[in-house]
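Worksheet for the structure shown next.
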Amino acid sequence: MRDTLDAFHLAIPARDLDEAYDFYVKGLGCKLARRYDDRITLDFFGDQVVCHLSDKWEREVEMYPRHFGVTFRHQEDWQRLVKLAKTRELTFFEEPFLRFEGRIEEHESFMLKDPSNNLLEFKYYADPRMMY
Amino acid sequence: MRDTLDAFHLAIPARDLDEAYDFYVKGLGCKLARRYDDRITLDFFGDQVVCHLSDKWEREVEMYPRHFGVTFRHQEDWQRLVKLAKTRELTFFEEPFLRFEGRIEEHESFMLKDPSNNLLEFKYYADPRMMY
Amino acid sequence: MRDTLDAFHLAIPARDLDEAYDFYVKGLGCKLARRYDDRITLDFFGDQVVCHLSDKWEREVEMYPRHFGVTFRHQEDWQRLVKLAKTRELTFFEEPFLRFEGRIEEHESFMLKDPSNNLLEFKYYADPRMMY
Amino acid sequence: MRDTLDAFHLAIPARDLDEAYDFYVKGLGCKLARRYDDRITLDFFGDQVVCHLSDKWEREVEMYPRHFGVTFRHQEDWQRLVKLAKTRELTFFEEPFLRFEGRIEEHESFMLKDPSNNLLEFKYYADPRMMY
Amino acid sequence: MRDTLDAFHLAIPARDLDEAYDFYVKGLGCKLARRYDDRITLDFFGDQVVCHLSDKWEREVEMYPRHFGVTFRHQEDWQRLVKLAKTRELTFFEEPFLRFEGRIEEHESFMLKDPSNNLLEFKYYADPRMMY
Amino acid sequence: MRDTLDAFHLAIPARDLDEAYDFYVKGLGCKLARRYDDRITLDFFGDQVVCHLSDKWEREVEMYPRHFGVTFRHQEDWQRLVKLAKTRELTFFEEPFLRFEGRIEEHESFMLKDPSNNLLEFKYYADPRMMY
Amino acid sequence: MRDTLDAFHLAIPARDLDEAYDFYVKGLGCKLARRYDDRITLDFFGDQVVCHLSDKWEREVEMYPRHFGVTFRHQEDWQRLVKLAKTRELTFFEEPFLRFEGRIEEHESFMLKDPSNNLLEFKYYADPRMMY
Amino acid sequence: MRDTLDAFHLAIPARDLDEAYDFYVKGLGCKLARRYDDRITLDFFGDQVVCHLSDKWEREVEMYPRHFGVTFRHQEDWQRLVKLAKTRELTFFEEPFLRFEGRIEEHESFMLKDPSNNLLEFKYYADPRMMY
C-alpha cells in the first residue's frame, strides 16, 4: 500500500506538446496541471507525468525494457480503461491479454502507444499481493 | 490525491540485476518483491519499479527527457532521503538544489543515478498543489 | 467531515473560455479535466467547477448572495493560497480580513474575482467545528 | 480525490429562510449548522451551503449557466437520492435522465429546484474518472 | 480506533425541545439533523444524540453514574471546546480539572450541564491508549 | 462521518460489575479496557462505555427517554449482531423490527437489556444520510 | 482496528537464511526489506518478521503454544492465500478447517510450516468483532 | 504501510493466565477480548496476541531469536510507552537504548519481559522506511 499524499513522478519525451495533450487529456482522461513552452505536466491517475518537448523519442518501439502505467487494485477499474481506450480509439500496442496464466502472478494487461512512441501498460492482478 | 490501492508501474533497463538489487534494495531501501532470471520487481516507495535485464541502457545520461522518482508531500521525508543518499554514498547526478525559486512552483530537488544510468529525481514543493 | 469519493459540482458562467482557463488553471492552479466548445471542466481543489460559455455573467458584482470557494481545515493551506494569489497577481475583491472577531465563528477570509465577475471566497476557521 | 478535511463553500440567495430550511433540512436531509437573522448555514452532503436572505433570486430559471450539486462515486447513493426526492415530493426541474449516452462521459443526472429557484444537480458517472 | 462510518447513538430526556436546540445547536455547535414533535436528532461531534421530550429528566444532578461526552485524541480539540463553552457562557458542572494525576490514566476533563440536567463530560488523555 | 480518533464516552450504572462484565465482554463481545473497584471501562464498538457500580439503576425500564447503542452503516454488521444476540441468548427488550416503514427515515432496529436494566439499541438505516 | 502506520514486529529463528528467503519471499510472496549476515527482515503482510540465523529452532513442532500469522478481514484474502499455498506447494501443517463451528467465534483457518518448523496460521472470522 | 482491517496474530505460552492478564491488561494497557479456561485473547496495540496456558515457556531467556512487539511510526508513541513501563514498574529486559547508531537503520528500542519470560521489544526508527 502506498501513501496517498506522495506522488510518483515520471518524465518522458514528447515530440509535440499538442499531440501529447490530445493523447493524455482528451484521450486518456488525465488532467492538465500546468503547461510551459517546453513541457506539460499531468495528473496521471493520481501521479505526475511530465511530457518534455524533445527529439529523443523512440523511433523503434519495443515492449522492453521501458514502459509505464498503472496496476489497478480493482478489476472494474482496469475494465473501464479498456472500454475507454476502445471507445476513444486510442492506439493499442497490445490488445488485452493474460500473462503468467495459472500462476499466482497471473494478471490481465494491455498496452497503449502514445504519439511519441512511449508505451503505457495497465494491469490487474487476481492476487493483489503480486502487484509489486 | 491518489488512490492508496492502485500502484504506478515503471519498467526500466538494468545492465546487471545484482547491481540493480544493490542500488535499489541495499542502497535506496526499496523492498524486493520478486526475482526472475530476467528481471527484479521492487516496491519502490509504494509503487512498482521493474528492472529488466537489457542492453538498452543509456550510455550517455542527461536530465531530460527521461527520469523518474517521488514527489514528497512532507519536507522531512525529502530530507531523510537526502540523508540516506549521502550516508550510503549513492551517486548523485545533481546535488540538492532549488528550482523555480520565488515562484509558486518552487521546489527542492536532487537526482541520483543508478548503475545503469537511469536517473531518479526526488522533489518537495512548498505548495503541495504544485505537485502535479 | 465529507466523503473523499464524492465531489461537489458547481456550474458558473464564463464570458470567455480562454480567459477562464487562464484564471483557473494558470492562475489559481486548478487542473483542467475536459474542454468542450461551450465549457471547460475543472478539478477545483478536489471538487468540480464547470465554466459554461454564457452571456449571463454578472455586470455588477457584490459579495452577497452568490459566491463560492473552499474552507480549509489547516491554516497553512489558507496562507499558501494568499501567497499564490499575491505572487500571481490575481484580482482581489477583498484582501485578507478577519470576520466575527472574538466569537467562536471567527475566521480569516479573502475574496478573488474571476474574469467573469464570479466571486471566490477562501476561509479558515480557528475552530474547525464552525466550518459548516 | 478530494481532501476529507476541507469543505467546498457555496453561498446562494434565499427569498425566505424558513422556506429554505424546509427544503434543505426537512426535504433534502441536510443538517442545519447555524442560523442567523440573515442566513442559515448547512452541512450539505459534507460541504457547506449558506442561504443568504436576499431579493436577488432568479425569477426565471434555466439549467445554464448556474447550478450546483453533488457527483456521487457510487450509483446507489445517487439512486437513494432519487428515491428521497420522489418520496418527499421535492420539485424536479429535470427528471432522472442520461446525458452523453455511449460516450465515456456518460452519466445519470436529475435536477431539483429549491423555493428560491436555485437549481441543484445530482450526477453519477459510470466511469468515475469523468467526475471532473 | 473506531469505524468512521458507524455512529454511536444516545437518547436522552429533554424537558423542552427549544431549550435543547438552543443548548446543543446554538451553544455547543452541534448540527440539527431532524426535528419531530417529540424529539430532535443531532449530529453530536459525529455521533447521534436524540433529545426526547420527556418528563423523566433528573431533578437532582450528580456526576455518577450517568453522563456522556467525547474523549478527544488531540488536546487542541479539547482546549477549543473549553474556549467555546466559556465564550458562549454554557453552564459548567465542573470547571476544567485534572483527574488521576501522575498516573498513566491522567486526563483533563470538564463537565457541562444541559437545560434538562443531563451532564456532558469532555476529556483529553495524555496517553491515547487510555481513552478506553 | 465522524473522526476515527476521538471516542464517544458514556457512563452508565451497574448494580454489579461481574454481571456487567459478563454481559458486555462475554456476551456482547466488547473488550475490557480497565477494571477498578468501582467501575469497568469498555471498548464498546470502538467507543467508550463505563459501568459505574451504583445503586441508581432503573427498576422500571422503558424505551424512552434513555437508551444507547450503535447505528451501523452496513446492514451485514447489524445482522451479525442480531445473530450474536440470539446465539448467546442475550435478553431482548425488543425483537428486531422496522420503524418508520415507507419513509426515508425507515430503519431496522432491536433493543437489548443489560443486567442493570440499561437499554441498548442497534439500528440500520437504508439511507445512511438518516443516521443522524 | 489497528493503526496503519505502526507495524507489529516478530523475531523468529531460521536454521538457514536462504531457505527462509525461499519460503517467505519466493513462496509466501512477502517482500525482502533487508538482508544481513545473521538475519533477513521481511515485510510480512504489512508487518515486520525478522528471521534470525539460529540453532534454537524447534525440532518437534506442535500447534500450541507458539505460532503466528494473519487474521484477514475479508474472506477472499484468506481464500487467495489458500490458493497460493496450494499452487506453490507450501507445506501445510493443517489443511483448511473450521474451528468453533456454530459459535460466534467460528472461523476458518489453515496452518503452514516454514523450513525451520515455525508455524504460521491464517484465519478468517465470519464476525469480524471476534478477530481479537 | 499495512491494512487497517487485517490483524497480525501471535500465540505465546503463559504459565498462568491471571499473571498474563495482570501484565498485559493492567500493566501494558492492552484490552482483554476473550477469556477461556486455557487462553486469553488480547487486543495488543491493534493486533491479536493470545496467551495459551502451557508449560512450554522459556526458563532461560535470551534476546534472540524469539521476541515480538511494535515498531511505532511516531516517536511520541514510543516515549509514552517508556513512561508507562516505568510508571507501572514493568520488568525491563533492556532499558531504552540506541541500535545501529549513525546508520540509516538507527532506532531506539527497549525490551520488556512478561511473567512467562516472553520478550517484548518496542522500537522507533528515525527513518520510517527502515521499519521493515
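To keep things simple, chains are lettered A, B, C, D, E, F, G and H as they appear, and every chain counts its residues starting from 1.
The working rule: a residue touches a chain if its C-beta (ideal position, glycine included) is under 8 Å from a C-beta of that chain, and two chains touch if they have at least 3 such contacts.
Just so it is clear, the structure is predicted and the values come from calculations on it, not from any experiment.
A.B. asks: By the contact definition above, name the pair with the higher C-beta contact count: A-C or E-G.
C.D. replies: By the number of C-beta pairs in contact, the winner is A-C.
A.B. asks: Could you state the distance in Å from the CA-based centre of chain B to that of chain G?
C.D. replies: Taking the average C-alpha coordinate of chain B and of chain G, the gap between them is 32 Å.
A.B. asks: For chain E and chain H, what's the span in angstrom between their mean Cα positions?
C.D. replies: 35
A.B. asks: Per the centroid of Cα atoms for each chain, what is the distance between chain C and chain H, given in Å?
C.D. replies: The separation of the two C-alpha centroids amounts to 50 Å.
A.B. asks: Which positions in chain D are in touch with at least two other chains?
C.D. replies: Residues 1-4, 31, 33-34, 43, 46, 130, 132 of chain D each touch two or more of the other chains.
A.B. asks: Between which chains is there touch?
C.D. replies: Contacting pairs: A-B, A-C, A-D, A-G, A-H, B-C, B-D, B-G, B-H, C-D, C-E, C-F, D-E, D-F, E-F, E-G, E-H, F-G, F-H, G-H.
A.B. asks: For chain F, which residues are in contact with chain D within the complex?
C.D. replies: Checking each residue of chain F against chain D gives 1, 103-104, 126-127, 129-130, 132.
A.B. asks: For the complex, give me every residue of chain F touching chain G.
C.D. replies: 4, 29, 31, 46, 80, 83-84, 87-88
A.B. asks: Looking at the complex, which residues from chain H come into contact with chain F?
C.D. replies: 25-26, 31-35, 43
A.B. asks: Which positions of chain A touch chain B when the two form their complex?
C.D. replies: 1-14, 31, 33-34, 41-43, 45-48, 52, 54, 56-57, 64-74, 77, 105, 121, 123, 128, 130-132
A.B. asks: In their shared complex, at which residues does chain C touch chain F?
C.D. replies: Within the complex, chain C contacts chain F at residues 1-3.
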